[in-house]
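Below is one structure, written out as structure tokens; the observations come after it.
A, B, C and D are the chain letters, set down in written order, and residue numbers restart from 1 in every chain.
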Amino acid sequence: MNVTIINTGGTFNKRYNPIKGQLEVPKDNKALEKIIAACHNVDFELINVVSKDSLEMNDEDRQIIVQSVKNTKNDKIIIIHGTDTVHLTSALLKEEVKNKKIVFTGAMVPMSIDEVEATMNFSQALGFLSANIQNGTYISMHGVVVDCSKLVKNRELGQFLIQE
Amino acid sequence: MNVTIINTGGTFNKRYNPIKGQLEVPKDNKALEKIIAACHNVDFELINVVSKDSLEMNDEDRQIIVQSVKNTKNDKIIIIHGTDTVHLTSALLKEEVKNKKIVFTGAMVPMSIDEVEATMNFSQALGFLSANIQNGTYISMHGVVVDCSKLVKNRELGQFLIQE
Amino acid sequence: MNVTIINTGGTFNKRYNPIKGQLEVPKDNKALEKIIAACHNVDFELINVVSKDSLEMNDEDRQIIVQSVKNTKNDKIIIIHGTDTVHLTSALLKEEVKNKKIVFTGAMVPMSIDEVEATMNFSQALGFLSANIQNGTYISMHGVVVDCSKLVKNRELGQFLIQE
Amino acid sequence: MNVTIINTGGTFNKRYNPIKGQLEVPKDNKALEKIIAACHNVDFELINVVSKDSLEMNDEDRQIIVQSVKNTKNDKIIIIHGTDTVHLTSALLKEEVKNKKIVFTGAMVPMSIDEVEATMNFSQALGFLSANIQNGTYISMHGVVVDCSKLVKNRELGQFLIQE
């Protein structure tokens, strides 16, 4: 299977900087490395853009993501994204790109702090892309992968929940 | 989404017993607990049978697994299984049960030692079951979910690889 | 061995709050629990005061710590403290309390993110208190336990280094 | 501080081999690396001998350890050792070497499975060696560092406990 990962930052990637005493969104793919290392049946193309907490993303950043998706040759794409504005970016992608299988994912807790939730959300996307699915824009969080309009962040609970 | 997990043991579940100084297959679902806790959109039914290293499974054990699958009301089933004889049990299930979506999974390294590989293999199964897939018997390991006849353990590399 | 732990907060204790998306100093001893659980030969008295990032500690907070030390019956005391102002609090204790064995410790990376550095700094203090040492105020960080005036935080490197 | 570490194997070092499906005592110091990396105030000399589960150690192995200790220039020595026969090797060292500070340590659970207990036992030894202690042979386990004759493995509990 060929999959393009577009890593845009967000909590998924955050790492603690002991000098500054705070969590930072790095410009690398270190949070993905350990997961990818165990994916012996996938050829990944890795693209790193934006590298922001999604609260700080602007329209320009979202255009960069749209262009990155349009430029890939692969039609199977996973986008790592912050959880706070993933609904905005995924809605834009749904409108702009109709001929690919795009799965947004991310995490409520950084991979560097808890390996389970981040690995789960990302790996669900891989399993979903293994199936014979239709072109579309999806979100993979907390147990399921569904159309991006249907999985919504509940800010009180810190959970993405299906909204019927 | 409603999913039945049939936990039959295997490396996925192994835990270190400091008194005996060795890894054991416990009769509980502790290895699954942390993953399941983050699956806010899935109702799980958890069934524990056999609880063996798959090298020690016999025909009787496999019949117990077949019966467990037949008895579930859910048609989406994940079976945690040892990696050494998963090809035998999955081939049997493929013959015996035609009306469900069954995904075998497991791990080369215990969840208690490495949370990434085990979480990945299990979560791929969840993502695959989120898609509109056909009834069948599948294996979810190392990046992909495919028909159970196509993903084979390479014992030298310690990897499940697609065999065309 | 009888040891009083006075937990005043600091990076050692910080935990990620997924709802707020940031690290917090909790008012509990969760960061200590897993270490203490393996200390089968120590009777601990656990005291929780201040619970602050040490940059935010004021003179009143330091008086609370001094009083807590004076009030303990045990003469072996470990104080968990933030790294940024541990030199101030330990210098005060050195002046105010002459009849006990006080070991300050902490961590550059939260126990919830990296279990090794925090466990190391704390456990060095236990080993030091096991020896027949003189009353005094010490710091336990990064491999050694010495008089509190001699181990200084290098803010560029993020390391406590012996200053001769 | 200058410290010689003599790594003789034991549970402390064990790692899971996914190909063989079992824990092995490797001939390297990987279990120590992460701890040592945070010890900014210690110059370590690292010596690797024997590399066995201590149940399999024989008299010849113990002579190798005695010779290694006699050959070191440092008088502060930490010996990583399996827990099952550490009482035999430490008793021998106590007789054979009178002019050094020797601290035996190890773990009930491999560092590769649980970083807390192994890091704790090792780091207690560092803290103890930081104090002005007398020459002797000691054991550092589960909260304390005492003369090697006084800390005994309770095989039912899987704990080293002080025996008065």
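The rule we apply is simple: contacts are C-beta pairs under 8 Å (C-beta built on N, C-alpha and C of every residue); 3 or more make two chains touch, one makes a residue touch a chain.
Keep in mind that what you see is a predicted model, and the values were worked out from it rather than measured.
Participant: Copies chain C, chain D: same or different interface, half of numbers shared as the threshold?
Facilitator: Result for this pair: same.
Participant: From the mean C-alpha coordinate of chain A to that of chain C, what's the distance rounded to whole Å?
Facilitator: Chain centroid spacing, chain A to chain C, equals 39 Å.
Participant: Centre to centre, by mean C-alpha position, how many angstrom separate chain C and chain D?
Facilitator: Centre-to-centre distance between chain C and chain D: 26 Å.
Participant: In whole angstrom, how far does the Cα centroid of chain A sit from the Cα centroid of chain D?
Facilitator: Spacing between the chain centres: roughly 45 Å.
Participant: Quick check: what residues of chain D touch more than one other chain, meaning two or more?
Facilitator: Expected reply: 157.
Participant: Is the chain-to-chain touch network here best called a line, a ring, a star, complete, or other?
Facilitator: Shape = ring; chains linked end to end, path closes on itself.
Participant: Mind listing each pair of touching chains for me?
Facilitator: A-B, A-C, B-D, C-D
Participant: Which of the residues in chain C end up touching chain D in this complex?
Facilitator: Touching chain D from chain C are residues 1, 34-35, 38-42, 115-117, 119-133, 140, 142-146, 151, 157, 159-162.
Participant: Once bound in the complex, which stretches of chain A touch chain C?
Facilitator: 11, 16, 18-19, 21-23, 84, 108-110, 112-113, 155-158
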